[in-house]
Amino acid sequence: MKLVLAVVQDKDSQRLSSALVENNFRATKLASTGGFLKAGNTTFIIGTEDEKVDEVLEIIKDNCQHREQLVAPVSPMGGNADSYVPYPVEVEVGGATVFVVPVEQFLQF
Amino acid sequence: MKLVLAVVQDKDSQRLSSALVENNFRATKLASTGGFLKAGNTTFIIGTEDEKVDEVLEIIKDNCQHREQLVAPVSPMGGNADSYVPYPVEVEVGGATVFVVPVEQFLQF
Amino acid sequence: MKLVLAVVQDKDSQRLSSALVENNFRATKLASTGGFLKAGNTTFIIGTEDEKVDEVLEIIKDNCQHREQLVAPVSPMGGNADSYVPYPVEVEVGGATVFVVPVEQFLQF
């Protein structure tokens, strides 16, 4: 038994939840902030048998991987038209920080 | 030293807190959601010496065990009288998912 | 790789965050309550290489150590002047409860 602790951006949190459920993994979510990623992230606690750890990591990677995203420019409200960029801009989103921790006992009551 | 991580229903959270305090265990509580249990649960982090892990598990079991509960029917407001059940209904409540994790160092400052 | 779990008072939380960032450690913060410390605390999850655990512990100790603090008396509003203490009072603040947990795998996506 292992405990997989994954800190992911809120943006990817719902998608990861759904993917875990679809694959019969059970996760608990904790609201968390700062540090590993930009503010506003979710810490997943996922319990799994040793032989399924790789499957969990694969699901996290598929749903939360660091990536560049094109963001359509928002036309400026009022002033500041000087800084207006009239074409899509690439921003970095996603990413996950993952720890696999040993579990000595696992129980359900 | 061990870390006991217990995910329990909010319903049982206050009772478990009190029982742990009465037995001189110290716990930190994190609000958590979904996954192991229906939404609205609490994750307890309990630090304890190795020889007291069983006592902690016993306390969690006694206060959070999965059980059936009779719920008195609520008389329907307005319409929907068709689905009104005039006798108590059995619902499932409680349950705990527990991980015991090894601790290499424990410090208090 | 180790996971350092530190429960600290909210009072010290922001200072610890800044000190960790300054020293290039990355932490995730979870709002937590009760148990180890008076209500209103923050649980830090800090991932670090084995050889830097002592540095992390040092930073936690420096920023969260239990200490006595002099609090200037607040002059009583309305009644209750009987219990008014016209000199600074010493109160206990700070303190941290810290667990170091082994990590079997550490990944970033």
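Here the chain labels run A, B and C in written order, and each chain numbers its own residues starting at 1.
Quick note on the criterion: a residue touches a chain if its C-beta (ideal position, glycine included) is under 8 Å from a C-beta of that chain, and two chains touch if they have at least 3 such contacts.
Protein identities per chain, from UniProt: A, B, C = Transcriptional regulator.
If you're wondering where the values come from, they're calculated on a predicted model, not measured in any experiment.
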Query = Quick one: do these chains touch in a line, a ring, a star, all-to-all (complete), or other?
reply = complete
Query = Is it true that over half of the residue numbers where subunit A (Transcriptional regulator) touches subunit B (Transcriptional regulator) are used by both copies, so same, or is it different?
reply = different
Between subunit B (Transcriptional regulator) and subunit A (Transcriptional regulator), distance of the C-alpha-averaged centres to the nearest whole Å = 26
Note = Touching at least 2 other chains, the residues of subunit C (Transcriptional regulator) are 30-31, 101-102
Ask   = Contact residues on subunit A (Transcriptional regulator) for subunit B (Transcriptional regulator) in the complex?
value = 1, 3, 17, 20-21, 26-31, 45-47, 101-109
Message = Taking the touch rule as given, give the residues of subunit A (Transcriptional regulator) at its contact with subunit C (Transcriptional regulator) in the complex, in rising order.
response = 2, 5, 7, 30-36, 41, 43, 53, 57, 60-61, 64-66, 94-102
